[in-house]
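In what follows, chain A forms one complex with chain B and a second complex with chain C.
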Partner chain A sequence: MLLVQILVNGVLLGGLYGLMALGMALVWGVLNIVNLAHGAFIMLGGYLVFFLFTAGLDPLVSLPIAMAVLFLFGYVIQRSLLNLIVRSALLNTLLFTFGLDVVLTYLAQLLFSADFRTINPSYAGANFSVGAVTVPVGRLIAFAIAVALALLLYLLLERTRLGRAIRATAQNLDAARLYGVNPAQIYAITFGIGAALAGAAGTLYGIVAQITPYIGVTLTPKSFVIAIIGGLDNPLRIVAGGIVIGVAEAVTSLYLGPTYTDVVSFGLLVLILVLRPAQSLKIA
Partner chain B sequence: MTKNLVIAAALSLALTGGAMAADLPSTITFGSSMQLTGQDANLGRYYRDAYQLVIEQINKAGGVKIGGKSIPITLKLVDNQSDNNLAVRQYVGLVTQDKVDFLLGPYASGTTIPVSSVSEKYQIPMVEGGGASPQIFARGYKYIFGLLPPADDYFASTLTMLGQLQPKAHTVALVTADDAFDVSVAKGTKKLLAAAGMEIVLTQTYAAKTTDFSSIMAQIKAKTPDIVLWGGLEPEVLNAIRQAKSLDVNPKLLMSFTVGVPAADFRKALGNDANDAFGMTAWLPSPALKDTWFGDAEKFAAAYKAKYGYDPDYHGAAGAVAVETLVKAIEKAGSLEKSKVRDAIAASDFDSLYAHVKFNAGGQVVIPQIVIQIQNGQVTPIFTDKFIGKPVFPVPAWSKRG
Partner chain C sequence: MSDALLDIRGLTAGYGDVPVLTDIALTVGAGEIVALVGSNGAGKTTLLRAVSRIIKASGSLRFLGEDVLPLTPEALFARGLVQVPEGRQLFGRMTVAENLMMGAYRRRDRAGIDASLAQTFDLFPVLAERRAQTAGSLSGGEQQMCAIGRALMAAPKLLMIDEMSLGLAPIVVDRLLDVLVAIRGQGVPILMVEQDVFAALAVADRGYVLEHGRIVKAATAETLKSDPALQKAYLGSDS
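Coming up: the complex of A and B.
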């Protein structure tokens, strides 16, 4: 019974992990930018919803607002700055996003202080029982939204003209251009969508944990690992990758002890890079 | 030209004013490297605020009185970004380049352990209010003095209290982080539990800065212990409490946490979920604690709140008295000579807003922890060596709370 509870915990948390990685994987796959400020974007989304929450707005109502604001933010950053260096060496975009991460993190501390902030609506701590298993409502909501957003992104990429343009840009830039796609615009929209997904992840993260200016330090590498494990081309596989990590951590915590969770999730990364190097190279 | 004349005049005055006064600088500098940004910035701020407030207050009263002169204190505070390696380099810089006179500690045991080696190497006294691990004081160092009581004993008063309450506690889940402070907590608490005749049914150690405790919570739930003793730093404790609620984890009697419960922002972050949590503090702002510069602890707390807009807890009080300990020792030694001041610190014996300051042979104060509980959003003192407040006990299950 304990194992079932642990698996439920792992799956629910894994969904949120997947959502965190979704935006990073999309940007990585299409723009070939590993956005080191992704965790900081999640943090910004969390703060935005926290302040709306203290003003009386339910976080689930503010979630689309956070996504819209972060979309605009991401769009502007890409259009005005990142597009200038997007096709130069990978190191340049790494440096840029690393710098952006530092700036956003310390701006957040200056503006919001290092206080711990929680988004704590009544359902955040609620739960219900299925047999002997307790299901936390906050995490269930986070899981459901994560899966829904991954599905939406999947449909957007597969079924819409914009999605085809995004995929075409990723697959063959010259061909896409010949068919009338404006890469600068597509890049900015893609980066915006990535940031919007980070905003959604930040909202849900604030409901299950707390927000400080420094959460990005752990969330960026976690997203990175999941993006690799899930692959960069299919949103649903990324959520699946998140669930793999979530379950691996939960089971590790039970059988090996909680100090080993990071060893296992990064160990998985190494294992996958060793066993499926071709796949990983193709996507990265 | 006039300026030079004035300096010359001052110099000759100083030279003729006797050897004692000639040695004295125009200001005494205390140096510290603090977590002002990074993961521990929230706690580092408590010490920065305390250092600044108490130094301002001492300077207002004339500063350090030595050899018939009053010398103001200057604080040289640098930000270590919550990076222990940087903190060590900064303390070396404070000593060798900035040539500060004395050192104040950083926050937390994990940082204090490496930086105390700097004070030892350069033989400059460091007084700290941020590290409680006995590891800091177990190496025979002569220049480090700590104002937090030993981490081993954090749960001692809680266990004494449990011995006097009905129903009795028999089974315990002990969960601790793997940082220096909590490793000491775990070691000491196991001894205390053995002495109290309680059975540990679950021991878990997690990596510091862990955010997900759902697996630990599920195991606590499965073992149904009477009490849960949790040794972790504040962000971990916040997550633990929220996850205990969302997974409906209810030990039969209580959950108690080493750190976080007395802090103002702990209650702010958790809201009603903070209620009924047990914790401990070495300090409460009581008017019975008399102080040379503030009058008493209550007046200190009022001045602190007026200046910074939040209530101080034991971190701030210990930080303030770290400064006071240095000042008292310099005044008693009547000199800025490091070894003389070091001896005077070791012989400290005075009342302060924090506690009666007297160090043991290792250089750490030994003061009891006061058991506290959050009741209706307020920190309520419950137990010292006797009951001083009425506990909500056993703590009701989450589903039965308002």
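Coming up: the complex of A and C.
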């Protein structure tokens, strides 16, 4: 029964992991930018919702606010700065986003202090039982919202004119341009959506865990691993990848101890790259 | 002032300071198929790039009576100068229908888009059959149809087709040539750039021969087809 409980916890947390990776995978797939500041974006979303919460706003109400603010933030960064180097060598965008990560992390430390913060609405600690299994309400909500946002992103990409333009730009930039797509605009919107998803992930992360200025240090690589496992072009597969990692970590911490969770998730990445390199790296 | 749709006079263009094209004169009138032929490296693609304003050029370039030399490629596209690029350049992992819709990306007239789609499926029934397949899974000929269909979805006033026949079987090229005639029949003039000289001249009204960056011959397709020098150069026979 303990194993079932652990699996439930792993799946629920994994959904949130998937949401974290979603924005990174989208930006990576379309812009070919591995955004090393993605974890810092998640952190910013968490702080924003934390402060709105202390001002009396329910985090589920602030979630769309965090998404909107982070969208604007991402849009402006891409439009004004990243677009200047988006077509240059990958190292340039890596350097830029790494620098952005450092700046955001230490700005957060200066402004918000290094204290642990938790967004703690009444339902965050609540739970209910299904048979012998306890389901934590906070994690369940996080899971449901993560899956819903992945579905929304899927529909946006597959069913709308904007989504078509985003995919077309990712697949063949020259042809997209030839038929009137403005790549600078598409890139900025895509980066904005990636940041908005990070904002949503930060909100939910703040409900199920603690926010510090440094959470990006672990969340960026975690998102990176999941993006590779899930592939870069299907939001639903990325959430599935998040669940794989969530379950693997939960089972690991049960049988091997929590210190080994990162060993297992990165080990899993190596294993998948060795066994199925073609499938997992089918990039744009 | 001629009433040609596309009117090029004294055009010089190139990369950096090296002129690839010198003193080009070429026109495309309403209801015409015009072939620009020449061997590899003659400057055909450079001319297309100059016309679509991707590279620097000087001289006179008018489209629909307007001086378009100072315009951007986007602005020219918005005026109805639409290109089918060399190598088709489809969105390989998107469906045929999605590829076609990308051609209409800049259009907002719902009814007009639907009409263009019906027209495209009419010209290429196979695209209607394969509308839900990814473009990358099509045969070479079908891909070229998809690329031409995508361009038609942009409601072109002039269609420029770069190396349509490249890598396609002669029988497929023949079918595509028939379609070009049908497209002209619907009122869309065509400038085709071709290495396959005699395929192009089979359907063209007029032709230009480009050699080393200069137009060396300009005549009706009939005249060019029976031009002994051209036959010798491109068929390698004296017949």
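Here is the rule we go by: the second predicted complex is superposed on the first by the 280 of 284 C-alpha atoms of A that agree within 3 Å, B and C clash if a C-alpha of one lies under 4 Å from a C-alpha of the other, contacts with A are read in each partner's own complex, and residues count from 1 in each chain.
Please note the rule applied: a contact is a pair of C-beta atoms (placed from the backbone, for glycine too) under 8 Å apart; a residue touches a chain by one contact, two chains touch by 3 or more.
Quantities reported herein were computed from a predicted structural model and do not represent experimental measurements.
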{"item": "Contacts of A:I33 with chain B and chain C, given as first, second, both or neither", "value": "neither"}
{"item": "First, second, both or neither for A:T212, with chain B first and chain C second", "value": "first"}
{"item": "Partner chain in contact with A:G138 - chain B first, chain C second, else both or neither", "value": "first"}
{"item": "First (chain B), second (chain C), both or neither touched by A:T259", "value": "first"}
{"item": "Chain B versus chain C as contact partner of A:A176, first or second or both or neither", "value": "second"}
{"item": "Contacts of A:L2 with chain B and chain C, given as first, second, both or neither", "value": "first"}
{"item": "When both partners are placed on the shared chain, which of chain B and chain C touches more of chain A", "value": "B"}
{"item": "Chain A positions touched by chain B in one structure and by chain C in the second", "value": "none"}
{"item": "Residues of chain C defined as touching chain A within the complex", "value": "73-74, 77-78, 83, 85, 89-94, 98, 101-103, 105-106, 150, 154"}
{"item": "Residue ranges of chain A touching chain C (in the complex, touch as defined)", "value": "161, 164-165, 167-168, 171-172, 174-182, 233"}
{"item": "Partner chain A, residues of chain B touching it in the complex", "value": "37-39, 41-42, 45, 178, 204-207, 209-216, 218-219, 221-222, 234-235, 238-239, 242-243, 245-248, 265-266, 268-271, 273, 398"}
{"item": "For the chain A and chain B complex, residues of the former touching the latter", "value": "1-2, 5-6, 9-10, 13, 106, 109, 113-118, 120, 124-127, 129, 134, 136-139, 208-210, 212-214, 217-218, 249-251, 253-254, 257-259, 261-262"}
